[in-house]
Every structure is written in structure tokens, then in C-alpha cells.
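Below, chain A partners chain B and then partners chain C, in two separate complexes.
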Partner chain A sequence: MAEIKLEEVRKSYGPAEVVHGVDLTIPDGEFLVLVGPSGCGKSTILRMIAGLETVTSGRISIDRRIVNRLEPKDRDIAMVFQNYALYPHMSVYQNMAYGLKVRGVHKADIHNRVNEAAVTLGLGEYLDRKPRALSGGQRQRVAMGRALVRNPKAFLFDEPLSNLDAKLRNQMRVELKQLHARLKNTFVYVTHDQVEAMTLGQRIMVLRDGNVEQVGTPDEIYNQPASTFVAGFIGAPSMNILSGSVDGDAIRFAGKAGLVHAGSLPGREVKIGVRPEHLCLRKEGEGDYCQVRAKVALIEPLGGDTVVHCRLNGGSDENIIIRVHPDEKVGENETAILYFKADTLHLFDAETQRRINGVQVCAG
Partner chain B sequence: MVRNVTWRTWLMHAVLIFGTVILAFPIYTALVASTHTVRAVITEMPLWFGSQAWENYITVLSGGASEVGIPPVGIMMFNSVVMALGITVGKLSVSLLAAYAVVFFRFPLRRVFFWMIFITLMLPVEVRIMPTFEVVSDLGMLNSYSGLILPLIASATATFLFRQFYLTIPDELFEAARIDGAGPLRFFWDHILPLSRTNMAAMFVILFIYGWNQYLWPLLVTSDESMYTVVMGLQRSTAMPDAIPHWNLIMSTALLGLLPPVLVVVFMQRLFVKGLVETEK
Partner chain C sequence: MAVMQDKRVHFRNKWLPYLFIAPQMVVILVFFFWPASQAIKQSVYLEDPFGLSSQFVWLDNFTALFTDPHYLESVKVTLVFSLATIGLSLSVSLLLAVFADQVIKGANFYKTFIIWPYAVAPPLAGVLWLFLFHPAGGVVAYLLNHAGIDWDYFANSGQAMLLVVVAAAWKQISYNFLFFLAGLQAIPTSLLESAAIDGAGPVTRFRTIIFPLLSPTTFFLLVVNVIYAFFETFGIIHAATQGGPGGATNTLIFKVFNDGFIGLDLGGSAAQSVVLMIIVMMLTILQFKFIERRVQY
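Our next item is the complex of A and B:
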């Protein structure tokens, strides 16, 4: 149980800086997810917390103790690796017991703790097996068990579910969430998968090229993305980003469609973001609807809903993706009118790509 | 098709049998010679076993062949075993640790050190024999086990083999062990050694035979008969001045000297093959 705090943490490899000053406080017991595309520095940050990488500058503290110069073993953290990193020559029991054995825990105590963890993770009957005789999901459980028995201050996960198949991944995700709910320990979890980030995290930190794009609850990240990058990264299919030009108090986009805004915009160009599920093929009840005309290019039926790829009319040549109910009858190459409510859209500065707050818009 | 296959099978077997006969013939000759009297062996080499086997082996083993120039076999065998095991164990320990340092530690000039080890492949004992002898004699190690063993103990081949194996061990294993609290020595003892087991067995076989077969070096550093090894002792016994070599006894000695390496190969064959072809995942 511990609070983890990062202050102005930077990491360079030679002249190349890969993490550009991260500030973050992870309160005791929080499940924080670090998410971003590959190479964004998320694993590096995790490994710095673990002590596997040195910190170039800045401070990391765990439980109000600065750990920059501490060896991993002295930080009292446990880590689960993507490829599990189980000791191949040791049985499941020995794998889980190893960390305790090295720390000189009493044999009987080790026995109790390993058995308890094995029961929790459903590994009871596999304790004598070698890792190579286990399936991927079981190996993952052993890796978690190895972390669990130590009862550390914090758990670190480095893409732990990436090597599992899709079905198992969903199952393990649920188990992880239940585990956190039961242990109430601090979890730091790295992933590139936005579904894992949204479902697991109490808070999410979105990273890009070593910079923090946004930190917030899943709800904030999804509904108020701080930049076009976050908007595009979180959510599948990702948010549609259209270009718009400011003309007095009107914003024009997709040819001639327009919006009226109240408030001051920073430049003459803006980006307009609309989530695929906020677009529909007909108006539902009263509301302040905008509309655009588009040609259907491709239909992807997913069963539960249907994803329709369209090309906007009006010479802007922009693609737009909508998600509709599977009962909607729409054919490829048809022209459709797409509706969305003005209050569902997001405005971004075209130059900085940051979110524009405090500007009211309505259909015009 | 069937006839074709039969014909080819015959041919293949013929080639294999021919090769086996060529390889086995010297050993057969030695076996036959060791069962005859010296007179029979020298006058007309017999092609079938005689009746002197028991007497010959007893003579050789009991040290009764000393008067015909063959040092006591028991002592020579013991010396050979000590030397071969010393070289093997020494080479294994040195190269396991050297490879561990080169692969898992970051220190200045790491690559330079690795290549320095590597180029010693070009400097076997035969090439550096004069300076090595000088050093060993200055240290007063002539006619001693340490003199026999120490100069042969460094091995670039084994270091290289273990390095290649260590490189296949994922970094995460090391990191997981670090988080579990194991230091470098503990990691080596608890993880690297058990994982290298089959590789060590394979190297053990190769190095034991290498050590056993050492000839030139023991010839140089031992002058006392009590320090002779089997391989060089045999050579000594064929070169008796003004006497007929007792080939029957020499062959008995040779066959006895062949036994330990054969036993090592036979008993470690399965591990040996495993170590060469399989990497434990």
C-alpha cells in the first residue's frame, strides 16, 4: 500500500530524450493505466518506477521515500512482464516462492503464502509443473502469483495480457479488475490497448512521444479528450476529425455544412471531432441536429452494431465513420444524410491540436 | 521404385559398413594384440584372439611391466583422470564465469575483452609452448598436477559457447530475478547454472576428452615417472632404447587408457546430444 509520486521525471539514452518531464501522483490504492502507441515511453516510465532503468533527472518516490538510487529489490514492488519471465527450470511452486526465499522468509510462511495465492489464482493443481507444461493463461497467472505472494507496496504490469489470445485476454482483464478490488493495492499498468485502459483504469495517463497528453478518469478521457491525439487514440472506431474554417461567427466544414459558435476561437482553422456513435442516419426526436451528406464506401457488420465508412460530399474528400444499429438499411455507394447533435461534437485548435473549451456551438 | 530403393539401401549400408570396418580395425588389432605373447605379436601379427589376455592385463595393472619400459598403469590412469578432470572442471568454471561477465555486465571495454578472449582461439598451447613452459617452471610447478592443469584451463571455445547460450536468455528473466531480490551471484547460482545444465554436460564430454588426450604438454612438464599420464606414458614405452617394444603389453595399456573417455561418452551421450541440439525454453 503506497502512494507513488513522479516529479519532473526525464529519461535520456545518450543525447536522445525519450521521456520529457512527467509529473504524476498515484494515490494509494489506485489502478492507474499508462497508455499510448509503441515508443511513447510508457514502458520506460514503468521500468523507472521499478528501478530497472535509471532516472536521468527528476524524482520518483514510493510511500514518501525517494527511490531514485534504490535497487529494485529495495523498493518493495512487484512486476509482471509481458512474456511472463517465469524461471523455466523451476516448478510453479518454486517460481512463486523464489522471491520470498531470497528474502529469507521462513519456510512454513512461504508454504502458506504460496498455497493461498495458488488457491486465489486457481493454480492449486499445477504447483509441481514446470512453466513449459502450462498454457499461456496459466503462465500469466503464475506471474501474477509471484507478485501476489510478496504482498508488495505496489504492483507494476508491463503489457501483461498482450501475449494471450483475445478470449483469454477478456477473461484475465476481468480477473485483474477483481484482484485489484480485493487487494486495494496500488496498481500501475502499461498497455497499448485502449480497451484495457478504459476498462481497467481508475485513471488513465495517455502518452505520446514521451509527453503526457492527458491524465484523467476514463470518462474524462473519453468525453473530454484534451487533444486530437487522445480523441483518436481512445475509442474504436476512433473519433472522426474534420477540418473546419472559421468565418465570422460561423464554422464551415464538409463543404457547406455549418455551425454557429458563441465565444472567441484562437485561429481561423479548427478541427471538429465527432464520435462514430454520435452520428446517425435519421433524426431521433427533437434536437439541435447538424447534417452532412456523404457517400457510403464500405459497410462492416459487427453483429451488435454496424460500422459504416463514408466519404463526405462537397470536395473536402474527408472520410467519416459512423456506428449504427444493425437494422439500419444502408447500401454501399448510396448517398446518405448523416445527422449529429451539435452538443456531441468536440472542437480542437487546428494549430496546437489541443481542445478548445468554453465555446458554445449550435447548428446553423 | 521399390527395387531402386532396395539397391540404394544396399549401397548405403555397404558404405557405412566399410567405414565402420576402417574405423574399428585398429581397435580390433589392439584387442587381438593384447591377447598374445610378445613373440607372437612381433613375429607374425595374428588376426584372431590368443590366450594371453588375462596374463597381459594383470601384468600391466600390477605394475609388472615396468621392466619393459611401461610405467605402472594404475598411477598413469590416476594422473590422467586428475589432469582431465582438472582441465574440464577448470575450463567449465572459468568459461561459465567469463561468459557471464561478458554477457550480463556493462563495463568499459566489454567488447574488447570479449574479443581478447576470442582471439586466444588462435593461441593453443602448441603455439605458446616456450613462454608457457618458462612461466610454469619459474613458478616451480614442473612435475605437479597444477603444472599439468593450470596452463590449459582457459578456454575461448567454451566461453564462446556459453556466451551464445546466455544471449538466448531473455533479459526479463534477469529483471524478474532482480525484482525478486537476487543479486548477480545469486542469479548465476540459482538460474544461470541450472539453465546451462545440458550445455555444461556437452562441454564436459568434449573437454574431458581434450584433457585426456593431452600429449605434448605433459611430455614437457613431467620428467618424474610418478607424474606420467597414460597418453604420454604409452609413447615413452614404445621408444625403449636397445629393446624390443612389448606390443602386447603396450596395446593392453592403450586399451585401458581408452576406457575412461569411452565411458564418459557412453554415459553422457544423451545429455551431450541434448546440449548440442536443444535449448530449454
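Our next item is the complex of A and C:
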């Protein structure tokens, strides 16, 4: 049970700085997800918390104690690695008992705790096996069990599900969430998978090239993305980002379509973001609808819904993706009119790529 | 149903594969089987030093061997010499490999540095140590004498043994080092990181993770080093001590040479070779047996 706090944390490898000043407080018991594309520094941050990497500057504290100079073993955290890092020469039981044994826990106590964890994780019948005789999912569970038995202050996970097949991944995701609900320890979870981030995280930190793009609840990240990067990274298919130019109190985009805005915009160029699921092929009921014309380029039926790739008319050469009900009749190479409500769109500054707040827009 | 993959190459001409291995077979026949069969034959004959007459004596050469106190003394010397050499070279090379593994960044320089001694031929190594430690002119011997140590390995059997052990171990360290380093590098870093988080300090990590995972390498090296200490250290002993003083460094392999070519006891020497051959065979079988099951964990 512990709060984890990062203050101005930076990391350099030689002259190259890869983490550029991260500030973050993870309250006790929170499930925080670090998400971002490959190479953005997620693992580095997690490893700094674990004590496997030194902190170049800034401070990390766990449970109000600064841990910058503390050995990993003295931080009282547990970590689950992407490749599970099970000790190949030890049985499942020995793997789970290892951390307790080297800490000098009493044998009977070890026995109870390992067996309890094994029951929780459904590993009871595999305790005598060596890791190589287990399936990927079972190895994953052993890795979790190894963390579990120690009952540490915090659990750190580095892409623990990425080596599993899709079905098992979904199942383990649910189990992880239940585990957290039961244990109520602090969880820090690294992933590049935005579905995992959205479903698991109580809060999500989105990273890009060693910078924090946004920290917020899944709802905030999804509905009020702080930048075009976050908007494009979270949600599948990605949010459509269109270029718009400001002309007095009007914004023109996609050729001649327009919006009317009330409020002051920072520059002459803006980006307009609209999620594929907010676009439709017809108006549904009353509402403040904008409309654009587009030519259907490709149709991807996914079963539950259909993703339609279109090319906007009007010479702007932009692509737009919409997600519609599979019954929707639409054919490739047809020209369609796409509708979306003005209050579902997001405005971003074209120069800084940051979100513009407090500007009302309506169809015009 | 799984399709079995056949990795064998099929030759259309069935004599072609034999042709390919023929040169190798010729080399083995001429340089191994022929001398070996000669040794076996000679070991049951009694031959006069000039090779003019020989007499079939059954296993007399062997009985003579195992009742000869010099031979039993030589067995003891060999055991002491081999154990000391193997212990020294394995422990030093493991230590160096662990250091090298830790400073992987600088390892390239370090690696070539340690491989150096391996490029030196055994007699050369012997001569090198001879130059350094020769009581009448060696640099190190001079320094030792200066420091008040009475250094003369021609007279002191303990010193003679120490010298050949260190020289022989030194020669083997680079080889062992390479294998240990490769073994260490094959251990995923995440295992050690995981152990560190689990609460194990460096010594515990070495004892509970690194050493067990290194055991196949260690066993392999053990066999190789036994063979080395038994058979390949001839050059060093020949150059440095000639088996002396008073047989203190007269190992089995040196004794074969000494009895055969200096003492001209061809039958006895051949019997000794046959004993050594049997030892090598057993060691090799042991190694193959182990390698078959080496994916232990």
C-alpha cells in the first residue's frame, strides 16, 4: 500500500535524454497505466521506479520515502516482466517461493502463501513443474504469483500480456482487473495497447518521446484528448484529424464545409478532430449537423460494425474514416454525404497540436 | 497430423557422401588408429631398446606398471597437478568472466586481452615461464630471491609443482573465460533483475541463479580441462621442469614420453599410453552422456 511520486524525473543514456522531466503522483491503490508508442520511455520510467535504472535527475518516492538511491530489493515492490523472467531451473513452487526464501521468511509461512497464491491463480496442479513445461498463459500466471506472494507495496507490470494470444490476453486482462479490485495495491502498468490502457487504467498517462502528453481518466483521455497525438493514439480506428482555416468567425474545412465559432482562436490554422463513430451516413433525429461530401474508397466489414474509408471531396485530398452499422448500404466508389454533430468535434491548435478549450462551434 | 521434417540431405549417388568424408577418415586412420593400434600391440610385447627382437608377454607390461611405485607416484602427481590446475584456471576464469560480463561495454577490449594467452603454444608458454622463473636468470626469480624467498624450482619440488600448475592454468584461463562469458551472456538480464527485485543481493544471485544456470558450461569445461591437464600439458612440463625434481612434476603423459624415448622402455611406455587412451575414452563417453541430457532445466 503506497503512494508513488515522480518529481521532474529525467533519464539520459550518455548524451541522449530519453525521459524529459516527468511529474506524476500515483495515489495509494490506484491502477495507473503508462501508454505510448514503442520507444517513448515507458519501460525506462517503470524501471526507474523499480530501481533497475538510475535516475539522472529528479526524485522518485514510494510511500513518502525518497528511493533514488535505494536498491530494488529495499523498495518493496514487485515487477512482472514481459518475458516473465521465470527462473528456468526452479519449479513453479520454487519460483514463487524464491522472493520469500531469500528474505528469510519462515518455511511454513512460505508454504501457506505460495499455496494460497497458486489456488487464486489456478496453478495448484503445476507446482512441481519447471517453467518450460508450461504454456504461455500459465507462465504468465506464475510470474504474477511470484509478485503476489510477497504482498509488496506496489506492483509494476511491463507489457505482461503482449506475448499471449488475443483470446488469452482478453481473459488475463479481466483477471488483472479483478485482482486489483481485490488486492487494492498500487498498480503501475506499462502497455502500448490502447485497449488495455482504456480498460484497465483508473488513470492513464500518455507518453510521447519521453514527454508526458496527458494524464487523466480513460473518459478524459477519450473525450477530451489534450493533443492531436493523444486523439490519434487512443481509439480505434483513430480519430480523423482534418485541417481547417479560420476566416473571421468561420472555420472552413474539407473544401467548402464550414463551422461558426464563438470565441478567440490562437491562429489562422486549426485542426478539427472527429471520431469515426461520430460520423454517420444520415441524420438521426434533430441536431446541429455538419456535413461533408466524400467518395467511398474501401469498406472493411468487421462483423459488429463496418469501417468505411473515404476520400474527402473538395480538393483537400484528406482521408476520413467512419464507423457505421453493418446494415448500412454503401458501395465502393459511391459518393456519400457524411454527417456529424458539431458538439462531437474537437479543436486543436495547428501549430502546437494542443487542444483548444472554451470555443463553441456550430454548423454554419 | 504433424508433418515430420526431414533435415537430411539426399544424395543421388550413394558413394558421394563417403567420398566427402574420405579425407577426414584417412587423417584419422593414419594419425590416430594406426598409432593407437601400434601402441596397443606394443603394450603386450617386450622389445629390446634397439627394436631388433620382441617377445609376446601377455599383460606383463600392465602388471609391471601397476606395481611400479614410480608409476603410482606419477598417478598421484598427475592428480595433484590436474586438480590444482583445473581448480585454479576454472575459478580465475569464472571470476574474470563475471567481471567482464558486468562491464559489457568495455568487454571488447577486455575480451581480446584475456584471449591472448590462448594464442601462445604450450611449449612457448613453458619457455616463457621458464625465462621468468629460471633460478639463474629469470626476472621473477631474481625479484623473489631479492624479497627473501629462496626460489629454486630445480631443487624444491613444491615450487616446481607450483610453477607448472600456474603456467598450465594460465594457458587454459582464456579458453575457459570465453565459455564462461558466453554462458553468462546467455542468461537473460531480466532473470537477474527479477531476482534483485525479489530481494537477492549479488552473492545470492550468483549462488542461486547464475551458478546453477551456468552448470552445463561448467561441466563441459571440467571435462575439457581434465583432458587438458592430463594430456596437453606435456609441452609445459617438458620445457619447464622435465618432470623433476625427483619426479615431483612427472605426470603420466610426461612419463610416457620419458620412459619411451629417454628410458627406451617401449613396452612399458605403450602400456601407459593404452591406460591414458582408456581414460580419455571414458571422459569422452561421460561428456557425451551428459550433453545428451544437458537441457536439464
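We take it that the second predicted complex is superposed on the first by the 364 of 364 C-alpha atoms of A that agree within 3 Å, B and C clash if a C-alpha of one lies under 4 Å from a C-alpha of the other, contacts with A are read in each partner's own complex, and residues count from 1 in each chain.
Here is the rule we use: a residue touches a chain if its C-beta (ideal position, glycine included) is under 8 Å from a C-beta of that chain, and two chains touch if they have at least 3 such contacts.
Everything numeric here is computed off the predicted structure, so don't read it as measured data.
Steric overlap between chain B and chain C is present once the structures are superposed on chain A.
Look at A:200: by the touch rule set out above, it reaches neither chain B nor chain C. In the superposition on chain A, A:78 makes contact with both chain B and chain C. Touch criterion not met for A:24: it reaches neither chain B nor chain C. Using the contact criterion defined above for the overlaid structures, shared-chain residue A:230 touches neither chain B nor chain C, since it reaches no partner. In the superposition on chain A, no contact is made by A:279 with either chain B or chain C. Chain A uses residues 50-52, 71-73, 77-79, 81, 83, 85, 87-89, 98-99, 102-103, 132, 146 to touch chain B in one structure and chain C in the other. For chain C in complex with chain A, the residues that touch the partner chain are 188, 190-191, 193-201, 204, 208-209, 212-213, 296-297. Of all residues in chain B, those touching chain A in their complex are 170, 172-173, 175-182, 186, 190-191, 194-195, 197, 280-281.
Partner chain C is touched in their complex by these residues of chain A: 50-52, 71-73, 75, 77-79, 81, 83, 85, 87-89, 98-99, 102-103, 130, 132, 146, 150. Chain contact summary for the complex, chain A toward chain B: residues 50-52, 71-73, 77-79, 81-83, 85-89, 98-99, 102-103, 132, 146.
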